[in-house]
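Here come two complexes built around chain A, the first alongside chain B, the second alongside chain C.
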Partner chain A sequence: MSARTDTATYDLKLALPLAAFFAAFFLAPLFILIFVSLHTDVSMTKMGLTQYAKFLLDPFSLGVLGHTLWIGVEVTALCLFLGFPMAWAYVRSPRWAQAGLVLVILLPLLTSVVVRTFAWIVILGRQGIINTALIELGVIDSPLRLLYTEGGMVVALAQVQMPLMVLPVITALSRLDPNLLDASAALGAGHWRTFRKVILPLTFPGIVAGCLLTYAAAITAFITQTLIGGGQMLFMPMYIYQQSSTLNNWPFAAAISIIFLAAVLVAVTLFNMVGRLSKGYAQA
Partner chain B sequence: MQHRYDGPEALSFKIAMWGLAGLCFVLLVLPTLVVIVVSFTSGFSLRFPPPGYSLRWYVALLDAWQLHFAASNSLKIAIGSTLVSVVLGVAAALAIARSERWTARVLDSLFMSPLVLPALAFGLAALMFFTLIGLSVSPLTLVIGHTVVCVPYVVRTTVAALAQLDTSLLESSASLGASRLFTFRRVTLPLIRPGILAGAFIAFMSSFDNVPVSLFLRDARTDMLPIRMWQDLEGRLDVTIAAVSGVLIVVTLALMMVMERIAGLSRRLR
Partner chain C sequence: MIVSRRSLLTSALALGAMHAFPRLTLAQARRLVFATFTGSWEEAHKDVLVPAFRKANNNAEITLDPMLSMDQIAKVKAALQNPPIDVMLHDPGPALQAIDQGLVEPFPVAKSQYYKDLIADAQEPMGPAPFFQVVGITYNPDKIKKPPTSWADIWKPEYKGRVGITNLNSTLGTGWLVEVARMRGGSEADVEAGFKAIEELKPNLAAVAANPGQLATLYQQGQIDIGPGNFNAIQILKARGVPVEFVAPKEGAIAFKTTIHIVKNSPNVELAAKLIDASLAPEVQAKLMESPYLIVPTNTKVKMAGEIARALAKDHADMKKKFVFQDWKKINEHRASWIERFNRDIKI
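Let's look at the complex of A and B:
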């Protein structure tokens, strides 16, 4: 036993360089961010909580935060609705099909986000594929406005983040014991019932992991939000960028960032709690 | 046995699942295909389907010096941050992978946190930090910023590779008299190399594609490709961007297939 720990474990000191790197260039900047957010004026002479009050008492700012968090819910729901069946189909496909399918699932993850978003500009545009098809079919006379709408943006975000949902669900589904499904069928349960009572509960931890990644990615997806959402809709990442780079209001930009970070942390904690609860449930 | 699967109940389930999966498949594939088709347009707009086909936008790409400049910057920064990420990340992964100490768990969470936290907030924080300590934005600050957001991928895949390591191999190596360093070089490293490679690849791609950190840590001398493309798209819908996208898609796909072959990429991303 001691021989095993000797050969396979390494000194914790090996983590020191990265830990030091993170302390200097990740944690220290975050503390500076908090420090800057605690200043009342742009020239940063007086300290106070006015930036936070300014955000939290302003219906416009709260609206931006609420809308950003809500977009994440919509995108995650759409990813789950389409991504779960995709993962289910992947697990049931023959091996040769899986090899091709996995490239299809991974390609969006590794292709540049600007490229993926650009694709949606072409698809949703006035002369895009959807408008051309609908006009040719005689459904509409003049092109619909799809770009710069919330619906268009949610679909584009869902495509961009889809792999983050599909991959953890594939892992969860492939760990599922096929005997359980046979047992459920032998006991007279139909497919839908087996799905609800066996497959969903047992893959729930994987679903939660996928939802967490998708949600966090969707609400911070600066490029897709600005290019497909357009100037009409403002979301938290662009709000931070506007305040810091365009208006040079560092204390307010820092406060918005901290509030956004806190909101993401709350969401992550909630997902993790649900995940932990469900793990206990799945094993019981 | 088989007849049970053919009832209307089973059929409705299968139609629903395969139907949604098919829809998802189209959603995943369509955008890439559309970009590739549009990049060969002979026209001046992003009309789909294109009025005719030509290579003119790829030819135009040869003279687009701004894009060349941005691409070469992005490439240099991505190579730099990948190298730093691999050196720091692999060492850290070795330390925390099989350790049961609470410090190892805390470090693991710390190293993974840039994956879920909004990168834009970190980019702003890093800019404030570098301004405060008097370091002006440069390729160095970019490499540092990118490393923070890219190193989690290397740590994650290396930890996963170490967790799957068969310890009896290391024990036999030790019992045959090999030193720890020798065992590491000749047994451990070759076995975890695919994991490290996969992590390095993802780190490289995410650095090359990074916008939220670069947005704050670059200046005119370090224009980055994704930001150049983003700004071009915000201004006017330029067809040259379609050609750049075409090139990026083909290169990504080729690299992915190579990495799938030598590092089993898809298994390591789950």
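Let's look at the complex of A and C:
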């Protein structure tokens, strides 16, 4: 036990430079943000909580918050649905195929978000790939509206954030001992049962990590939300930008940011709790 | 000397910081910094204004630091005593905000060589207008054979699902809303009619873009075929072979003064004033009026020519007749509530 305490103190000292960096460039600005949010007027002369009241008592603003958090859920679910099989395919492929697959998985990370998002504009537009293909196949007569719709945006966000889901799941899956699957099969479990009772519990921490990353990235993805969602779909990042940049209303923008941060922290805590519960489940 | 680990670490950090932020040690005596706009404005200013300014001022050093109006304001506001910018460029809304917040030094009108030659609308002692931005109707001539002539044409049923506008975050979006309201009997103080008109436009709307840059690219994607557009943004697309045309509607094209300001507490006030004067000079403005820049001049000594004379106005008297200027002081008073209303009501 004493050896473990030693390691702990040593670890802390090593973290000092990072902690100083963190304090100077994250904590200090955060406190400034909180301070700004506690002003009642735009020119920041009087203190008070009116900005928070203005947001929390306004159904429209709460709607924007709820919608943003919900979009995150949709994107995360889609990423998991498409990303898990991809991670599975990667882990189960022979080595030569893995090299190719890892390139496919990482490729989105190597291009800028702006470029990826513009590609989606080209895909989803009225004269985009999907509409042109459907029209030429005779499935539809006039182009469907795909761009500037929630569905289009969720798909684009899912593609943009996919690596954040796939990579942690791959890590979890590659640590899974293949003998366990054979053992499960030998004991008479079918594929689905093995998946539910063995694979899922053992890879759950990886799935939670992936969901956490995807969720956080999806709800704050200002660029993709703006370019694919358009100017009439309002989400929290755009709301903050609008209030701070266009209207110069820094106190309200700061209050929205703090509320958004708090809401995200709650979501993250929930994810973590699920993750911790699963740990006990996996060991049991 | 015994150096403790801690002090070694501190000095190493300090040295590192000085390398990372060389400006820490050079807080004073910096070169002139001009925050122009991004994109084609930066190019135009780098190619024409900067050489002209340096030639006239003994090769004075200058840095262009392109950023949006609101970012300029934020940067100056954050360091009011020692601003990182000397000269700001603003659309009418942000310009008034910057002046109201005391971020602007008056332009020394008496010392200026060219100020008196500007058209009356461009003469602003807190910061003159070196050029105008013009908003008219943009359309795709491949798809729309008969050129539109009035703002009202955008509401025609034949353009169902083909119209693009921006939200009110941009000067373009806000100015256009005011113009539509005016067309239907409203004013800068009362845009009720404008909101009603946008409500009626919904069947035609294919896109509400987040900003004018995005709006312009939608013509390229074939996503939209008609809508309000910025003259300069359209010229850039046209130069790249995108089928777009600009027409000034018969109600008049909306003109925004883009104003240039000396930043309060700038360490380079004199050079800043010289740069502004250079931007008002007829030679500079004449050159900026040519292709590919096509920037609308404000100096009456500049003879209108080329695309600007063809599409907008043949001289400054004509310009006065054809351009519509808006009262941004009034608009700014209400803009926050309009944006809120747009957020709530405009869903397509």
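Following the convention adopted for this analysis, the second predicted complex is superposed on the first by the 266 of 284 C-alpha atoms of A that agree within 3 Å, B and C clash if a C-alpha of one lies under 4 Å from a C-alpha of the other, contacts with A are read in each partner's own complex, and residues count from 1 in each chain.
The definition used in the following text is that a contact is a pair of C-beta atoms (placed from the backbone, for glycine too) under 8 Å apart; a residue touches a chain by one contact, two chains touch by 3 or more.
Here the structure is a predicted model, which is why all the values come from computation and not from measurement.
Superposition of the two complexes onto chain A shows a clash between chain B and chain C.
By the touch criterion stated above, A:L227 is placed in contact with chain B and with chain C alike.
In the superposed model, A:F26 makes contact with chain B only, not with chain C. After overlaying the two complexes on the shared chain, residue contacts for A:L261 are found with chain B alone; chain C is out of touch.
Looking at the superposed arrangement, the partner reaching more residues of chain A, out of chain B and chain C, is B. In the superposed model, A:G128 lies in contact with both chain B and chain C. When the shared chain is aligned, chain B comes close enough to touch A:L212, but chain C does not.
Of the two partner chains placed around the shared chain by superposition, chain C is the only one that A:Y148 touches, whereas chain B remains out of contact.
By the touch criterion stated above, A:N249 is placed in contact with chain C alone, chain B being left untouched. In the overlay built on the shared chain, the residue A:W120 is in contact with chain B alone; chain C does not reach it. Legend: residue contacts after superposition of the two complexes on their common chain; A:I170 is shown touching chain B, with no touch to chain C.
The clash between chain B and chain C in the superposition falls on 235-243, which is one of the stretches 181-189, 235-243 or 253-261. Shared contact residues on chain A (touching chain B in one structure, chain C in the other): 17, 121-122, 125, 127-128, 226-227, 245. Residue ranges of chain A in contact with chain B, taken from their complex: 3-15, 17-19, 21-22, 25-26, 28-30, 32-33, 36, 81-86, 88-89, 101-123, 125, 127-129, 132, 155, 158-159, 162, 166-168, 170-171, 185, 190-192, 195, 212-213, 216, 219-220, 222-223, 226-227, 236-237, 240-241, 244-245, 250, 253-254, 257-258, 260-261, 264-265, 268. Contact residues of chain B toward chain A in the complex are 4, 7, 9-10, 12-14, 16-21, 23-25, 27-32, 34-35, 38, 45-49, 87-89, 91-92, 94-99, 101, 103-104, 107, 110-111, 113-122, 124-129, 132, 144-145, 147-148, 151, 155, 165, 167, 170-171, 173-175, 180, 183, 202, 205, 208-209, 211-212, 215-216, 226, 229-230, 233-234, 237, 241-242, 244-245, 248-249, 252-253, 255-257, 260, 265-266, 269-270. On the chain C side of its complex with chain A, the touching residues are 9, 13, 68, 70-71, 73-74, 97, 161, 166-169, 173, 206-211, 214, 217, 221-223, 335-336, 339, 343-344, 346-348.
If you check the complex, the residues on chain A that touch chain C are 17, 20, 60, 121-122, 125-128, 145, 147-148, 226-227, 230-234, 238-239, 242, 245-249.
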